[in-house]
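In the two complexes below, chain A is the common chain; its partner is chain B in one and chain C in the other.
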Partner chain A sequence: MLSATQRNWALSLPAFVIVGLLAVVPAVMMLASAFTSPDIEGFTLANFEKLWNSKLAFQAFWRTIRVAIIVTLITIVLGYPLAIGFLRAGPRMQSILLPMLVFPLMVSVVVRAYGWIVVLSPSGIFNQVLLGLGIVASPVDLLYSETAVILGESQLLLPYMVLSLMASLQKAESNLEEASMSLGANPVTTFFRIVIPISVPGLLTGTLLVFALALTAFATPLLLGGGRAPLLTTLIYSFAFTTFDWSAAAAVGLVLVILALAFVWLQRWVGQKVMKSYE
Partner chain B sequence: MSSSRAENALLVAGKTLSVAMMVAGFLFLLGPIVIVVISSFTSASYLTFPPPEFSLRWYYEVFSLSWFSRSIVTSFVIAIIATAISAVLGILVARALARGTFRAKAIVEFVVLTPLLLPIVVLGFGLFNLLVTLALEGHNFVNLIGGHIMITVPFVVRSVWSAMAGTDITLEEASLGLGATPFETFRNVVLPMARPGIISGGILAFTMSFNDVSLSIFLTGPRASTLPVEMMAHIEYSADPTPAAISTIMLAITLIIFAVTSRTVGLKIFA
Partner chain C sequence: MSSVEVRNLVKKYGDFTAVRDASFRAETGSLISILGPSGCGKTTTLRAIAGFETATSGDILLDDKPVNDIPPWRRNIGIVFQSYALFPFMTVADNVGYGLKMRKMDRDQIARKTDDALNRVGLPDSHLKYPRQLSGGQRQRVALARALVIEPAVMLLDEPLSALDAKLRDEMRFELKRIQRQSGVTTLLVTHDQEEAFTLSDQIVVMNNAVVKQVGSPREIWDNPNCAFVADFIGIENILPAERTTNGVRIAGHDFAALSDAAPGSDIMAAFRSSDLELAGDEAGQFAGQVVGEAYTGNYNVYQVQTGLSEAPIILKTGKSQRLSGTINLKLAPDRIKILERD
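Our next item is the complex of A and B:
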């Protein structure tokens, strides 16, 4: 007979060993290799110095943060009407809208990015509309730019924001709004004084989730930004497979991991704070 | 009275605006996907919207591509094997985490859930580095399965763990007390109670494995490659409408998984 501890270890061991050997050990070894260089013996900060002096890496760093901020703002602006509209719709309408909101989450990221390639290409519908309306004289080259990456990532992450907002708005009773209106507040006042404050926990979780996912998105920026708008994630890939500078790739990886972990930590900290203030 | 009329006008305007913004939001979310599906039925040899004429030309083309048939089969096989192994590993460790109070619980939890904390690109490049060091990077198929297990285990663990944590422990005690062996109790009591969590975890794992690019791109090679990675490579060097047809096929597959999900465990698992 096994003791309880032995049994728990036996149950945990397969997953522990496999995830440990395939995820934790390789990631730690790779991140540690950022402090080594083929030309220098022992510990070195040469790779980080190189990144610091590289215009490409510097731009990619700020672009990553800028894109994540803009994407988060776009998902907030588009997310509120969707979340509020969804909750105000009748049950029949909701049963149509929920699948439309969740289905894109299951669709391959490559397929969703390809959708934007089709829409934004010089002969695509976006340019046809602009040309047809006489807004531009010749097609706008939006593809392979930071704008394309922002559009693609916003579409990718919008459902997460909407679902987070819905979760907190759902808890608030809609008669709170009715009360506000019947007590004489107009819809605008009601929106800013009632709806927004109620949605704060959802807004916070949505913001942190979308921001963290935007920081680490890979396929979308690779397809829509190409070499012209590299982010930290795509820079790792191009250092690894185009210039074969693996130590530099590891250094970029470490920067990305620090950013991502800082966010995970912030997420937990905010989560606890918000939980407490809303109990 | 005029103030109430103004208020009414404001109310109508606000309602119209919020409906318009909602429609715009859904167009933004689904428009590009719909346009890809429509464009895939074009007869032209380049992408145009709307298509000049409808035809199935690009579907014939896609099914004659050797890389398409090869990579879609590889993707399915890898997703099925990875999901099955992840499910077994995930159920076992979730059982220990849900019921056990052992000293190493925090370490086990941390290690098993690490892939959720780190960017997948970092996990992919890290694994690739280790495989190169060990001169194992050529075994694309096995490497892809291993990699996919590693990124999908946390999803199974999370959903099975929460399903197990919500079940009644007295049922297990009753089963043991009535003379069932621990194994029989696990099979006949514990597993059926965790069923919704197992199905959710399995669906999440399968979807994630089937769609993954960030990790797979580091592990594919001449011996095995997955559909999303191959499609991405094709998009980068060619402008013909084959990716539109492939996208539509992938959407159809996703729709089937989606329908199964909403019938079995509901759409809440993605929220």
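Our next item is the complex of A and C:
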């Protein structure tokens, strides 16, 4: 007979094998290929040197961070009113609002990017309105820019922020705001001194989700940013499938992984500092 | 400190009336309770005084000045919520000091007043703890300190003891009264627990179905409930439909002498406590009954007695040494029969 521990290992072995083959092996191979080059024997840092000297890669690196930060900030600023409005709405209104909030998550990212193309293109709705109102004389070039990527990703990721904020705001007793007001704090002061601190756990979760997803988003930057505003993800794509430089693609991938891990670490560090008074 | 008055308060939510024409007054420094079952409108009334609900009509007066148009954050009212509503991410000291900070006091003053308030509620060294590290009773003391430290015109307590277990509840009842007396703050308490209302209050407002049924001191309400609802709510066991006669009441054809100024012939309810029924022994009583049920409750024996007065058995309470069975004769003293309006 097998002991309980042995049986548990035996039962989970197929899962380990599958995960190992499908996730760990490719990851290790990617890691390895980042340090190899067809021209050089053995391991080398040539790929990273090339990236370091590439203006394009540098721009993509900073643009990726910039876009992720701006998208996160936008979803925070828009997320609070939405989350609070949702929780304040009556039960009937909530049953209408919840599907509206979650529905975008069920629509393909590609479809939504095309939606933005329709809105932002030179003959699109946005330019039509601007032209019609006489605000601009000729169409504004919005598509295939960093702005378009930020708009698209913000809309894409807003539900994650709203749902995270709602989860923590919902848990807070509704009387906390009233207690604050009875003690002499007006609604604005109450919002900043009570509601925001209460929502910090949700804010941390939402920030992690949105930032990580913005960092690794691919379809939206590809369709809305195009070649004119490459991010690290689209750079990987063009290295891998346009110039077939798989080693360079792997090197960029590694940079992206390190960036994401650094952010996760930062988020946890901030979390531990702040959450001390919450647990 | 101020007096509080609620004058003809009406609160409607669409077609639903939560409070219908409620009026009562609490004098400066007194403790008044609103007593009633859940859904009777007592919490809505409290929230209207705090300013969280706007009155559909009627007035809230503090020190005889209407405050209907003053928002909650300028009313200077201290509230202790049923759940205490302590700010979970703040220490005890920060919780208590919050209201003082909003009043733009300087650090030293806040620290001094916070110390003082925490001493008053008997929590002298919990400044740096967080609410989650405190017991239920301690949380309540913090909530009390937080409400008192701002020197409110009125302190409102929403079911202050309901979240505590029985033993702690008794202890906090005394504490609450002591703290209220020492600070001298006018206090309005909302509760569904008649014992809580009777032991703590100077005045009791009994509410049911959005209506104020009776306002009076605990003794007045205990001795002279004015309607069947109040009588039932304060635990009078036997309430029977009756008719007023010239010198008493007639219950199901039986005449009893009673003290009342209701007009003869009018339909009323007659009520008497289980402990006010007397055994008539062998001499002729006023009515006879058959013991159909008995229960021991430690200090008392409680009996169900089937009589000609009503279809359901009436309740009789005797001392623990007195046991009854079979047919018994009963009588009722005229001053023990309470005459009530029919609801």
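As a working rule, the second predicted complex is superposed on the first by the 258 of 279 C-alpha atoms of A that agree within 3 Å, B and C clash if a C-alpha of one lies under 4 Å from a C-alpha of the other, contacts with A are read in each partner's own complex, and residues count from 1 in each chain.
FYI, a contact is a pair of C-beta atoms (placed from the backbone, for glycine too) under 8 Å apart; a residue touches a chain by one contact, two chains touch by 3 or more.
Being a predicted model, the structure only gives us computed values, none of them experimental.
When both complexes are superposed on chain A, chain B and chain C sit side by side without a clash. Judged by the touch definition given at the top, the superposed model places A:N186 against both chain B and chain C. In the superposed pair of complexes, A:L223 makes contact with chain B only, with no contact to chain C.
Contact with chain B, but none with chain C, is seen for A:V257 once the two complexes are overlaid on the shared chain. Applying the stated contact rule after C-alpha superposition, one finds that A:P197 touches chain C and leaves chain B untouched. In the overlay built on the shared chain, the residue A:T242 is in contact with neither chain B nor chain C. When chain A is checked against chain B and against chain C, the one touching more of its residues turns out to be B. By the touch criterion stated above, A:G115 is placed in contact with chain B alone, chain C being left untouched. Figure legend note: chain B and chain C, brought together by superposition on chain A, show a least Cα distance of 5 Å.
Contacts of chain A with chain B, set against its contacts with chain C after fitting on chain A, overlap at residues 186-187.
Chain C meets chain A in the complex at residues 50, 52, 71-79, 81, 83, 85-91, 98-99, 102-103, 130, 132, 146-147, 150.
On the chain B side of its complex with chain A, the touching residues are 7, 10-11, 14, 18-19, 21-22, 24-26, 28-33, 35-36, 39, 46-49, 88-90, 92-93, 95-97, 100, 102-105, 108, 111-112, 114-115, 117-123, 125-130, 146-147, 149-151, 153-154, 157, 207, 210-211, 213-214, 217-218, 228, 231-232, 235-236, 243-244, 247, 250-251, 254-255, 257-258, 261-262, 267, 270-271. Interface residues of chain A, counted against chain C in their complex, comprise 172-173, 175-176, 178-187, 189, 193-194, 197-198, 200, 277-279.
Within the complex formed with chain B, the chain A residues making contact are 4-5, 7-9, 11-12, 14-16, 18-20, 22-31, 33, 78-79, 81-82, 84-86, 97-112, 114-119, 121, 123-125, 128, 154-155, 158-159, 162-163, 167, 186-188, 215-216, 218-219, 222-223, 233, 236-237, 240, 246, 249-250, 253, 256-257, 260-261, 264.
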